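Look at the two complexes coming up: chain A is in both, with chain B in one and chain C in the other.
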Partner chain A sequence: MDYILAAVVVLGAAALGAPVLQTAERRFRIGAYASMAALALAIVMVAANTVNGGISTVPYFGNLLVSDPLGDIFALVVLSVTLAVAVASFYSSPNGPNIPSYYSLLVFSALGMVLLSYSADLLMLFVAWELMSLPTYVLAGFDKKRVQSNEAAAKYAILGALSSAIILYAISLTYGVTGTTQISGVVARLALEPFNPLVSVAILLFVVGFGFKMSIVPFHMWVPDAYEGSPPAIATLFATATKKAGFVAAIRVVLVIATVYALAPNSVFTLANVLAVLAVITMTLGNVAALTQKSMTRLLAYSSIAQAGYILVGFSIFAYSQQTGAFAYNGLLGLTGSIFHVVNHAIMKGAAFLAAMVVLTQLKRGDLGAYNGLAKRMPITAFTLAVSFLALAGVPPLNGFWSKLLLFVSVINTPLAWVAVAAILNSAFSLGYYFWVIKRMYLDPGESTERVKEPLWSVVLFAVLVGLMIGIGLFPQQFISLASSAASSVIP
Partner chain B sequence: MNNLADFVILSAMLFGIGVYGLVTKRNALRLLFAVELMINAANLNFVAFNQYLPYAQQANAFGQTFVLFSIALAAAEAAVLLSIVIVAYRLHNDIDVSEMRTLEG
Partner chain C sequence: MIPILSIVLFLPIVASVPAYLLLKRSRASGMWFTLGVTVVELLLAVYVFYFVYANFGGLSGSGTGQYALTEEYSWVSVASFGVNYLVGADGLSSPLVLATALLTVFAVIGSRRLIDKAEPAYYALILLFEGAIVGVFLSLDLVLFYFFWDLVMVPMFFLIGIWGGDRKTYAAMKFMIFIFTGSMILLLALMAAYMGVSPTTFDIPSLAGRIPAAVQYLPLLASFIGFGIKLPVFPLHSWLPDAYTQAPAPVAVLLAGVQSAMGGYGLIRISIGLFPEAAHQWAWAFMAVGAVTMFYGAGVAILSKNLKSMFAYTSLAGMGFVVFGSFSTMASGSIIGMQGAILEMFVHAFTAGSLFMLAGYIQKGLGTTDIPLMSGLQRLVPRGGLLLVFSCVGAMALPPFGSFVAEVLVIVGGIHATPYAAVTILVPVMIGGYMLWMIKRVVLSPPPAGASGVDIQAIDAGVLALYLVPLIVMMFFSVLVLGPAAPVVQHILQLVGH
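Showing the complex of A and B:
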């Protein structure tokens, strides 16, 4: 537990210190180095916490934080992604106005996501949620002279503020019914409550509020615009870090409450069914919309929405098993698949977004036409993109295959089997646009066959990410057991 | 205004006005007002619930504490949103969000 507090201190010091360090001289990059070092140090500390007794589920720090495997996994994912984003933005745009504040905001957002992963109290959760969100509104609009960047920031910030307000209202209702904001206390109190309309409204509002960040379909409209308009490195952060934070918040609140409280008992309107319907709508609309996109970032944004649908499948079977008392094994398997898919999605989508960012900065074009014949011009980037697309589509033996397999297997043989049918159809359908881009890169002739320079940092990052995709694909057992221990720590 | 239900209904109405404003208005500042209304509806809930809680929790004033946090966070949020609106005004000479349509597809 002390490791987490140490990580929080390191991140906080770097975030506060980075802008101060760089006042005298423009070229002085120590703020960026300090931020990256702090992120790396925080990763080491969280990893140490995982190894040394991260199993304790007793809250500490004034009952605000809990150190469990779920928090460890998500903290590791968001910190690693933020480090990758910091490295990518450091090398792709080393100079410019307000660069120290950029890294400061990045680290503040990472700090918020780490606190969110470990939070055991709704007050901590809300403060961490805002600490994560507010810097990202600014980061989305960081190219303040570019109209698209400002537009992305405006749309994202207004809907983000709306989601915060909805979550706050839901917390207030929960507090009113239970008299506490401690999540374990809320659960203990709700276990005695058969049905209370205020609580059901609060749970639905939680789903809506977290749904904005998770990019679930009725609440997804900001996603493609924000991803396309933001600076490309920040789009990577949105797709792979803040989105994961939405999932961990949903697990910490909605799924934990779902273990004791059914939304509306003895009716079809249960939380499991709501989540299942949202899952199917999300994956279908995401995949259909991705098929018609002309711009790479928008295609990746819609594919990211579709992946959120797959993750929700595990949530819905978990809620179902907890509320009916049947299929307990399937529920745990589904949540394991969800957590594992969140980790995999961060790797796959991170690789795809960074590859798109390299293409955008080197070729100055982001439309799909720029990808024609890319295999000859930028072979390493094209290979990374191809591998990440195959992993996203769930082709064995890459990592995406295993988590999708867990998710789909968990719902078969249960009353939610129709979700598995929809998910498998969607998965097959999504191969269409993934292979379409791979065909463009490897078969279609490009406008030239000249080699384009691929920066060294991108080659190193791509090697790590492709290694992870293939490595986890070949040896998934360790990761599945880690995700499984995280899933079982959810049940109180 | 003497029992809890009055406060909860008032707060639900404030929340509803906020949602209505977000759906119908297109001026960025009005959207900001609407979000602030929703946040204040939640704050009102916290204070009222804290006052009327039948439990021992009433004494620890946790709801009131939560409101102090949320007011500070709402102020930070308003600062960020306003700065984005100012940049939008410099770029467009207008803060109508329906005029922002460079990102479509």
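Showing the complex of A and C:
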């Protein structure tokens, strides 16, 4: 667990140090290098924490943090994504204004996400949440001369602040009932607590607050606009990192409380049903809306919303199994699938967003028409996008297949089987727009067949991401095993 | 011990990469390499077929539902979830593997003349497709099975979409949407099978006979829809005419010949093999679907104005035979129907294959496959005309072609289930009728004045004649397929207490 603190120190130093280096006017690249080095170092430290088993469910650092596999997985995901985003930003716009603050904000946000992943206390969780969110409000509006970027930032900041307020209110309610902000203490208290409507309200408020970041319907309104308006690298960060932070927060708080406390006694209004309905609405609306989009970023945004729906499937069966005491096996399997899908989604969506970003910067167009005949013009980018879309649709031998299999199989023989049917039909439906883009890239003629330059950094990143998608697809054992141990560590 | 099945499975998949690189460098050497790989694959498939025949052959099979040459490795194993790499061959899969390998060799030879753009990617995709299909036939773990099942459609999408005819994009998208929807519905059934037993397993041999009858019905229906789209059967077939007619001829050969056999294979191995009680209860409904498909395919083929679409609907009728025969066994308890269905899948690969390949050559030689525009084939494309007559006789299921044996077995199997099934004898009659009519109009008619055509070269005609060899062999030595198939069918029947 000392590794985590070391990672926090490294990230904090880089975040504070990057803007300081701004004074040396000609050396402003040092800030970027320092940030990337710090992120890489933090990844190594978290990985060391995973391997060297600083694993215990006992909180430390003043009972604020807990070093468990769940935190490790999410910290690894968010740090890797942030590093990829930093690399992409560094090479795609090396000489923009305020570059050092850009990297500083990026690392601050990463620091917030790492702390969030390991939070064991509601206040720690809230502080980490804000540390993650505040820099991203600025980053969303970083193209300050572009109106869409300003609009994205404003919309995102207002809804983000609203969600923070809702979370804070839920925390205050929880504290009022239980007298503690320690999550394990809250759980221990609630286990003895008879039904109390205030707690149910708090749970629902947590779902809403985290739901904004998780981009579940109906709290998804900001997503397409913010993704489209933000600088493309930052959109990647939103879709693959801050969104994941919403999921880890939901697991740490909502699902853990669900192990001991039911939303309402003896009624259909259970947490499992609420989550299941949200899951189905989210995936359906995401997929239907994605089909009608004309711009790639918006398509990816809605597809990202749909994927959040799949992840919720595992949450709902976990809540169901914990509250009824039946189907314990399914609950664990579902949560394993959710955590694994979070990892996979970061890889798949990261690849898709970065590919879209390369197309946007090279062709100066982001509408779907720009993708016609892309296979001839930018073969590596087109291939990456095609592989990531196949993975998102859940086609083997790619990683998305396994996590979807785990998610769907976990509900198939339970009273929530209708969710599996809805999810399956959604998956089939989603292929419509995924393959529509693949069709444009490979089958339709483009406006020219001239080769467009694909930057070296993107080729390297794409090779890594495609390798991960195929590699995990063929040999998922280690990843499923890690996700499985993370899922088991949730049950107190 | 040599992992022979894994070699059969991964040889084409692994070879697709060097094939691509070699073809980029030099057309000739790359093609020889591709052909060499498919021939080696064929020899391996012959060995597997022979091994299964030698061990489970004979009409008095032991009926234990055994698999030969099995290999098993743990793939994913965590506390709550286990998937194995489990492959094996039996009397159901070995003939289909052989048909796939043989047909791929033919398709690769045919592609030499019929495909002239982006060849490196084309041959790589063909090899990938072959490996994936073989994977479907050999997998004995549901996840592994689904893995290859889905993998098949990706190369096929590009093969239709890039190398196809005028409406290739439309056909490719329609194909993809149908097939993937079917796959997802199939996945529901596979997951239900996994969760249906305790402890849970994806292992097909250990699932068979263990899933409680009460939870078999919905999975049976879901899997039937999944496989029915691939076969296809009547209400789920609307992607078929587009895909079969728009695909380039060698790809249509693989589509009609082996991809449809995947559906039939899955129907017997999974729909019937894992959910036998439900299949027994609902056999009548599925027999009806099969019979409707037979009549519908033959009926629409009569009206077809295009050679390829006529062949596509003929192929659809052939798949009706597979469904009808398989479920007649579940209704009657007599093994003949399902044996006939397995033989029908094998011979259909070659009847459909030869028809579609010929259509490709005729299109190249004459410039069209529209029946009203074609005439005088015996003068303009003499070798093509002759071969077309023979292939049509094969498709009509007349002796000396093995399709005769298969269709007789299926119809007799149907009569075992109900005497009214005798009405299906009209289907071969209809097929014979429109095929003869087509031959009269296309082959035997006088050519239009001033028309010219390019005949098929002797060597290609020789290869096309080879399609007929397995058919003739199956007429006289049908025991090669029927023998090893018997224990498979008997094992399934034992599960429902016959």
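As a convention for this text, the second predicted complex is superposed on the first by the 488 of 492 C-alpha atoms of A that agree within 3 Å, B and C clash if a C-alpha of one lies under 4 Å from a C-alpha of the other, contacts with A are read in each partner's own complex, and residues count from 1 in each chain.
Convention: contacts are C-beta pairs under 8 Å (C-beta built on N, C-alpha and C of every residue); 3 or more make two chains touch, one makes a residue touch a chain.
Bear in mind that the values here come from a model prediction, so they are computed numbers and not experimental data.
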Open item on the list: So in the superposed three-chain picture, is A:F126 touching just chain B, just chain C, both, or none of them (first/second/both/neither)?
Closed with: first
TODO: Figure out whether A:L116 sits in contact with chain B (first) or chain C (second), or with both, or with neither.
DONE: neither
Open item on the list: Per the contact definition in the header, classify A:A279: touching chain B only (first), chain C only (second), both, or neither.
Closed with: neither
Open item on the list: Between chain B and chain C, whom does A:T336 touch in the aligned arrangement: first, second, both, or neither?
Closed with: second
Open item on the list: For A:L425, using the defined touch cut-off, is the partner it touches chain B, chain C, both, or neither? Pick first, second, both or neither.
Closed with: second
Open item on the list: Looking at A:L416, would you say it contacts chain B, chain C, both, or neither? Reply first, second, both or neither.
Closed with: neither
Task: chain B versus chain C as contact partner of A:S481, first or second or both or neither - done: second
Open item on the list: Quick check on the superposed pair: does A:L106 touch chain B, chain C, both, or neither? Answer first, second, both or neither.
Closed with: neither
Task: Intersection of the chain A residues that touch chain B with those that touch chain C - done: none
Open item on the list: Under the definition above, what is the set of chain A residues touching chain C in their complex?
Closed with: 329-330, 332-333, 336, 390, 393, 395-397, 401-402, 405-406, 408-409, 412-413, 420-421, 424-425, 427-428, 431-432, 435-436, 438-439, 442-444, 476-477, 480-481, 484, 488
TODO: Flag every residue of chain B that touches chain A in the complex, lowest number first.
DONE: 8, 11, 15, 18, 22, 28, 31-32, 35, 38-39, 41-43, 45-46, 48-49, 53, 55, 57-58, 62-63, 65-66, 69-70, 73, 76-77, 80-81, 83-85, 87-88, 91-92, 97, 100, 102-103, 105
TODO: Under the touch definition given earlier, write down the residues of chain A that touch chain B in their complex.
DONE: 123, 126-127, 130, 134, 137-138, 141, 144, 147-148, 150-155, 157-158, 161-162, 164-166, 168-169, 171-173, 175-176, 179-181, 224-225, 228-229, 293-295, 298
- [ ] Show which residues of chain C lie in contact with chain A when the two form their complex.
- [x] 75-81, 143, 146-148, 150-151, 154, 157-158, 161-162, 168-169, 172-173, 176-177, 180-181, 183-185, 187-188, 191-192, 194-196, 200, 215
